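Below you'll find the structure I mean.
The chains carry the letters A, B, C and D, assigned in the order they are written, with residues numbered from 1 in each.
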Amino acid sequence: MRTPAVRTDARRHHDPEARHFASDNYAGVHPELLAAIALANGGHQAAYGADEYTEHLQRVARGHFGPLAQVYPVFNGTGANVVALQALTDRWGAVIAAESAHINVDEGGAPERVGGLKLLTVPTEDGKLTPELIDRQAFGWEDEHRAMPQVVSITQSTELGTVYTPDEIRAICDHAHERDMLVHLDGARLANASAALDVPMRALTNVPGVDVVSFGGTKNGMLFGEALVVLNPDAVRRMKHVRKLSMQLPSKMRFVSVQLEALLAGDLWLRSARHANTMAARLAEGVRSVPGVEILYPVQANAVFARLPKEVSERLQKRYRFYFWDERAGDVRWMCSFDTTEEDVDGFVAAVREESGR
Amino acid sequence: MRTPAVRTDARRHHDPEARHFASDNYAGVHPELLAAIALANGGHQAAYGADEYTEHLQRVARGHFGPLAQVYPVFNGTGANVVALQALTDRWGAVIAAESAHINVDEGGAPERVGGLKLLTVPTEDGKLTPELIDRQAFGWEDEHRAMPQVVSITQSTELGTVYTPDEIRAICDHAHERDMLVHLDGARLANASAALDVPMRALTNVPGVDVVSFGGTKNGMLFGEALVVLNPDAVRRMKHVRKLSMQLPSKMRFVSVQLEALLAGDLWLRSARHANTMAARLAEGVRSVPGVEILYPVQANAVFARLPKEVSERLQKRYRFYFWDERAGDVRWMCSFDTTEEDVDGFVAAVREESGR
Amino acid sequence: MRTPAVRTDARRHHDPEARHFASDNYAGVHPELLAAIALANGGHQAAYGADEYTEHLQRVARGHFGPLAQVYPVFNGTGANVVALQALTDRWGAVIAAESAHINVDEGGAPERVGGLKLLTVPTEDGKLTPELIDRQAFGWEDEHRAMPQVVSITQSTELGTVYTPDEIRAICDHAHERDMLVHLDGARLANASAALDVPMRALTNVPGVDVVSFGGTKNGMLFGEALVVLNPDAVRRMKHVRKLSMQLPSKMRFVSVQLEALLAGDLWLRSARHANTMAARLAEGVRSVPGVEILYPVQANAVFARLPKEVSERLQKRYRFYFWDERAGDVRWMCSFDTTEEDVDGFVAAVREESGR
Amino acid sequence: MRTPAVRTDARRHHDPEARHFASDNYAGVHPELLAAIALANGGHQAAYGADEYTEHLQRVARGHFGPLAQVYPVFNGTGANVVALQALTDRWGAVIAAESAHINVDEGGAPERVGGLKLLTVPTEDGKLTPELIDRQAFGWEDEHRAMPQVVSITQSTELGTVYTPDEIRAICDHAHERDMLVHLDGARLANASAALDVPMRALTNVPGVDVVSFGGTKNGMLFGEALVVLNPDAVRRMKHVRKLSMQLPSKMRFVSVQLEALLAGDLWLRSARHANTMAARLAEGVRSVPGVEILYPVQANAVFARLPKEVSERLQKRYRFYFWDERAGDVRWMCSFDTTEEDVDGFVAAVREESGR
């Protein structure tokens, strides 16, 4: 990391070589994305999305998500999800989702508070909905006493690091559409799923019939920003108004859009995601043989869920940062990101082995 | 602007030398702030505000806003305002504000929709509230049929480019506090007011008794980000929860915090604001003698409001971007920013003169 | 008032002969409406509106409001208004209303809190909007920074006791519809306006083009209950869901519906309203000659607004209950209701004269 | 039912002798309650709760719910619950409830939409929470990413017709209070639980430590109306404001209050509830021996849940109205009310036997 040429009154307060396994948003900005920001800097550009970068981004995105795709840059993932779900529902609408979905457990109640949205949740084995699971909540459309199921929201890759196949997504979309429901895909880690399955993102979104995608940028190396991608323009109205009233309209939007362009115009999105996945696979492989460590779900994307003695995890946390997923059960989550190195993984695996062996 | 050394798949789509008078958020990122971002990059830092930069920012902010100040970085100005107002009100609370306030006319109804907030507005001459104007809405606390006035929100500098003196702010704070109301200051352009009055920011905030400030970064050269600054910790509870449920919690917060540090650790905030103000004064001075052009309000900060024949403005808009403020009356707003140059202003003044003379 | 034949553990705590001029909801239940309730009692009827009374009410209402009218009984006026406005707006919609409108000043912020609705208010002379006044807020539909004006809400008779003529309503409806806005009429006292103008209610609602009416029952003698009357079914969707989620769905709806039937099947609605209006006219006539008493607005319905010395009002309030409208100005409101008698009015006028003469 | 002496333009549209087993709100008004309404009629009483009846009701309620009890009459059960839960939570608060709770499955999403409330639900065997079940959602108070559990809401008797013992309620209250959570009791059928257990209502509410009760009136014979009863005044603030902004403030409140007085001043609440319970027990006893009919839960209050062949239920529904609870499983719900007679039950049991025997 070059010392910047321009002086600044800010100072460096951290070790730029220390990396952990806590979350892909512990990582910083990918250098190519920072370069893109610099490229878009200087001069004046119309605020709130009427800039050249946001316009150009539309073309780039259509290459990935089909000719109808419309991109609406927003600030963050919670914002992308809540804007999408508001746009897809009426005042009386509800959203069917996995109990483990980010919208249900990690957004501080924003869907309910900001959007007045009722979530109709279903427990799952591995974070993935199926038509059968959806049917546990998909009923009662004419019953005014029940919030009306209007949207199915799935997450790809899931909060548990698993991925839906294109066929699984198509089955969900068909099932939902036959019941006049729309489909939202929370793609905070869509790139990781695409890399894991070795299919283009369209095979997981517009082709099987998803209506709106929250495409993640921050967890794939962006400074900030996500893209709300409308795949079915008939499914929404006045997206710009919904985005603004949800406080998700970046004024200097060019800097979100140019990052998304830098991710999507070439293969940066894929390179970064594939790398993170590879590191997770290496990590899982490395710890699998450590006695007392159990891998909990198939490691398909960039997350490894493991169960190990709590005291081992606690000793390990003195050396590396990561989170307990279920503290009572001793379950932990280890995440890899675009900047995780093989040395990082090997060092961590060695540490797991050491602390387990005490 | 140097070409970045790292390659990126994004391309430059704009002229980095073209500048306009439309808004201070048409400008890009101040080079010192971009340098600060680069400084904070690399390695892993805890997400959601548990990073070194956000911690250090607290100390820096206390130098400006007093020893009790607590800073909560957020994404944007609407977010800062709506988080602040929610934190300062109960479910039954209402907010007294000038009819021209940003929260009333420019936030897409976010205060009402996201916060369920009723705004009790008062028409003003120049965008500024007074105790007398406040009293037109400050009554009926015991009347359950009326949304309860719990907060007075003022804007400094105002949407009309005017500024409150420290004494005016103190009078408002005293008046509000005597009636058990709290005071919010929308400081999207607080730095400009401070520069205009040549007083430190504390003289406009904690010293006269403001409870919570939305301190603007984006309009003063930041890539994105604002700081919610709590000056009176007794006035709020659970700010972090309110910020999160309002979808205003940046995951890679270090990059907001380091920009705020770069602004506030030295005098960048003041240099940039003073420069923008000086450019606005130069612009006002330049056009004042143009026949048919009338300056509408005292030019105290970085905005010039003028009335001129509509057709003149329309010809001018073919050369420079700026907004009509009141299209029927022929009122326009011209904004200067940190990167407006003397040449920009002089060129614009010449253009006004030319187009007026046709 | 007959002592009821059935014993009850409740006791009478009030004087059934004391009447005041505070509000038409200080009155009790019209005996014909209590008789209607008794008629609908006994046996089981499907709850939540699937009963015979609610079905029959549809036919009765179509006689007043045209062949497309659909009636949705609700609990109260605030509920009727907020359900109507939610049904007529999208998430991004706003409502243009007079500053004095009940929805703005008397509903505890329910439109904002329950519906997330932004009210765009306009000051008026006499509580009445006009196309010109509407235009002060009717703009900016494409501007996402502005809550989108989608509905004009008018009150008939107004909060100031004035009435719109059919032509005035038509002008407003035409003006709104030309701008793709819908029209809501808060008819808490629609019967009084109809009586005042001596025109059927249709002349004030569906004929000039109103889309949805809140038809008041409680202020015209009902025990409780209002009717949301949809005149233009294309303007709304899923009214039953909106009513339920707004907590305005009465379970034993037959008792609201039978009261509305009793009001509307014959002329009870008109008899009661005309009587209240006549009493207000008698009151205004009576006090007009009292020195120091000024009548403030045309007395067209059942409200009299007067200005008189504050100490006179305060002495008077020891004998009769009524409200100050603007305590500083000394403005008071005197309301008549279905049960106000000529003796009540004459006694009150004499009291005004006495207290003024001291 | 006497024909009313006063003429009315409404007509009777139903058979006042036909009764069903669909819901206790299919029943009409208990004659003693109608008599109470008549008693409170006539003359003027201050609106919105400043009347003699509402004042007197406070004293009556304290006899049942302890010396600190404060009663706030509202329109309906959903309203009572949502007002209570809003009053007990901050903007960031969430409510732990059984998955089967009325607030979760039968209120059209009103808690989420009107109150912005997140419900944290737990599946239960029999509709009853326990400390252990509560713990599945009671965690993460400091985690801003999670809606903060601030209230436990239980229903007595439950939606499945089961009842909590006083000890079970005390255990829940202790558990909640130790974790700084408050307890709401949805008592739409509290009287039935009290009758079932043969304990006074205080033994189920203030004595074990419940903070706020929604006390049901409509399902126990009232025309309309429920009582929000605050048992712990320190747990709430500005109840009147919360009630009003939630559109649950009846203007002619005397008629809700006098009904509550008539229920509570003597033993009408208990007589009616006990009768309904007895009828349910008779019904359960009667059908228990019918081949193919299975009783699903302990019949403790006025509901009988049964499983029987779907075609039998469908034939039965041609003769009596009642609801499927789970259509796929063939589960039905049969409710008894204050006006269910022994003959009604015996006739229904005979019909079950007949239709089962075909």
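Assume contacts are C-beta pairs under 8 Å (C-beta built on N, C-alpha and C of every residue); 3 or more make two chains touch, one makes a residue touch a chain.
These figures come from a predicted structure and were not determined experimentally.
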Copies chain A and chain C touch via same or different residues, half shared test: same
Of all other chains, the one whose Cα centre sits farthest from chain D: B
Cα-centroid distance, chain A relative to chain C, in whole angstrom: 50
For chain B paired with chain C, centre-to-centre distance based on mean C-alpha positions, whole Å: 42
Shared-contact residues (touching 2 or more other chains) in chain C: 91-92, 107-109, 113-114, 116, 144-145, 147, 241, 244-245, 249
Category of the chain touch graph - line, ring, star, complete, other: complete
Residues of chain D touching chain A in the complex: 91-92, 94, 105-109, 112-114, 116-118, 144-147
Sites on chain D touched by chain B in the complex: 48, 86, 90-92, 116, 144-145, 147-148, 237-238, 240-245, 249
Chain C-facing residues of chain D, complex: 1-20, 22-23, 25-29, 31-47, 51-53, 55-56, 75-79, 82, 107-110, 113-114, 218-219, 223-224, 241, 244-252, 254-255, 258-259, 261-262, 265-266, 268, 321, 339
